[in-house]
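Here come two complexes built around subunit A, the first alongside subunit B, the second alongside subunit C.
Coming up: the complex of A and B.
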């Protein structure tokens, strides 16, 4: 898994690539929460490179969303691959998150 | 008609047949099926002493084949054997191949023998080849001649050792139809075969042989539709399986999922099924609380395409698939979405989850 962060005055973009699973969910949580803890409260999670997610990864998304809502921030997700989108649908996460087809639309 | 008691055969240290006992009645058609190298052909060859048994007893109509006082050649004449590789005399015509045995061994007259040979050649559909030589015939025709030659010796029992294994697939049916015809005439037969549909259709009983024993026997319906024992099920359903043992919480998830992916590729399962299994594997393990002794097994039936995932984990009874057991239901939702059915049982100190994975 790779996590890249681009800080911006508008929406900061966190790109995640590879897998988020039981093995690396803590690492992913740490990387995202560092950005959240720095006071940035408008975040786009770019999932275009995410090709596998399990319940452990989904829980991290949930934790981040709760944290952002508590700080009245905004979390947007974009560019979910079809398999990942399906996992979000099954788990009921589609209705919890703001999901955009691509980064440009998420930035609007 | 044939009684076999405690039959065994060793080749040096190699035990090929172990203590086999069974009875074959007059008019029965017995098919012997099973994996290669499990003693099927050796069993058949012991029945007419092409191999000398190491121990046990074979009785044909009450006469012992292994008793030195018995007239063994006379008893053996009751049996004819058809081999995988035909074994015809290449320097003799088809007619001569059929008549040499009755004339020389049974001391029958030439006219009578020729008449009978033509009848038999008609029976196997080869009367017009009577004056041809074996090399002028196709494999299927040679095997039909071999069957007719066996019949010319007027045996009471026919033994077939994989009679279609050496044939081009296009020639298998012609040989099988000749054997079917003999079945209709009430001949007692023992057939070692890999032709499962044929065995199902013609047999009165089926022996499933494995590791040198008749591991399971029954009617074709019992063996092919409802096998009771594990190895029979694996063979009949052409089940391919993968097993993996976990003994620590620090198991290697990536190695395990890699094995699952390789298994799927090897058995031509779809990318979707492979992805489903990777997720199920992780989610099932996420639901476990005791990692000291977990056995995972994945079984794929080539026959009906069923893909089953079983997780057996040592511990006190607890069904992690029950709602409310885990902290949240995310994992459970993912598992259920990827499975046709999920089941749980507690057996021998293990919580066993049985999942049937969705296919294409």
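Coming up: the complex of A and C.
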């Protein structure tokens, strides 16, 4: 897994690549929460490179969403691969996140 | 076609499971999305067993059997941990808004949604989780 952060005065972009599973979900949580804790409250999570997620990874997405809602921030997800989208659908996550087909649309 | 994988009761072993599933997918010619789903199912089942199944810090072996007979794929996961029947776990309410959604509790639900059948048996002080899926439907 790789996490890359680009801070911007508009939407900051966190890109996650590879697998988010039980072995590395903590690492993913730490990387994203560091950005959230720094007071940045408009975030796009670019999932174009995310090719595997398990419930441990979903857990982190939900934690971040709750945190962002509590601080009146905005979290947008973009570019979910079909397999990831399917897991989001099954879990009922599609309705609790703002999901955009690509980064350009998420930035609008 | 049959395959057996033995893993230790350590979370790091999930990396081995992922690699095993990729190799099996190639060998058996399984579509990539299916390999993703099956890897997920195994990770969820094993995470539960490894995290909560054992009272002590001792080393335990968990056995995973995968069989493909025609379109029917069967995964049997056997461990000698404490008795636990995941089929009894209540499904989460996935219609709740984010604020009310509890953190966690999705693992077994995902297994049930992805597989066609999920059965549990306790035999000889062992847990047997039997999962099947018609992979050509």
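Methods note: the second predicted complex is superposed on the first by the 108 of 108 C-alpha atoms of A that agree within 3 Å, B and C clash if a C-alpha of one lies under 4 Å from a C-alpha of the other, contacts with A are read in each partner's own complex, and residues count from 1 in each chain.
Everything that follows uses one rule, which is that contacts are C-beta pairs under 8 Å (C-beta built on N, C-alpha and C of every residue); 3 or more make two chains touch, one makes a residue touch a chain.
All values reported here derive from a predicted model rather than from experimental measurement.
By the touch criterion stated above, A:22 is placed in contact with subunit B and with subunit C alike. Of the two partner chains placed by superposition, only subunit C is touched by A:96; subunit B is not.
Contacts of A:82 after superposition on the shared chain: subunit C is touched, whereas subunit B is not.
In the superposition on chain A, A:30 contacts neither subunit B nor subunit C. In the superposition on chain A, A:66 makes contact with subunit C only, while subunit B stays out of contact range.
After superposition on the shared chain, subunit A has more residues touched by C, the comparison being subunit B against subunit C. In the superposition on chain A, A:54 makes contact with both subunit B and subunit C. Taken together, the two complexes place residues 21-23, 52, 54-56, 58-59, 83, 87, 90-92 of subunit A in contact with subunit B and also with subunit C.
By the touch criterion stated above, subunit C contacts subunit A in their complex at residues 11-12, 14-15, 18, 32-33, 36-37, 39-40, 43-44, 47, 92, 94-99, 101, 103-104, 106-107, 109-110, 113-114. Against subunit B, the residues of subunit A that register as touching in their complex are 21-23, 52, 54-56, 58-59, 83, 87, 90-92. In the complex of the two chains, the subunit B residues touching subunit A come out as 253-254, 275, 278-279, 282-283, 285-286, 328, 330-331, 333-334, 337.
Against subunit C, in their complex, subunit A makes its touches with residues 19, 21-23, 51-56, 58-59, 62-63, 65-66, 69, 82-83, 86-87, 90-92, 95-97.
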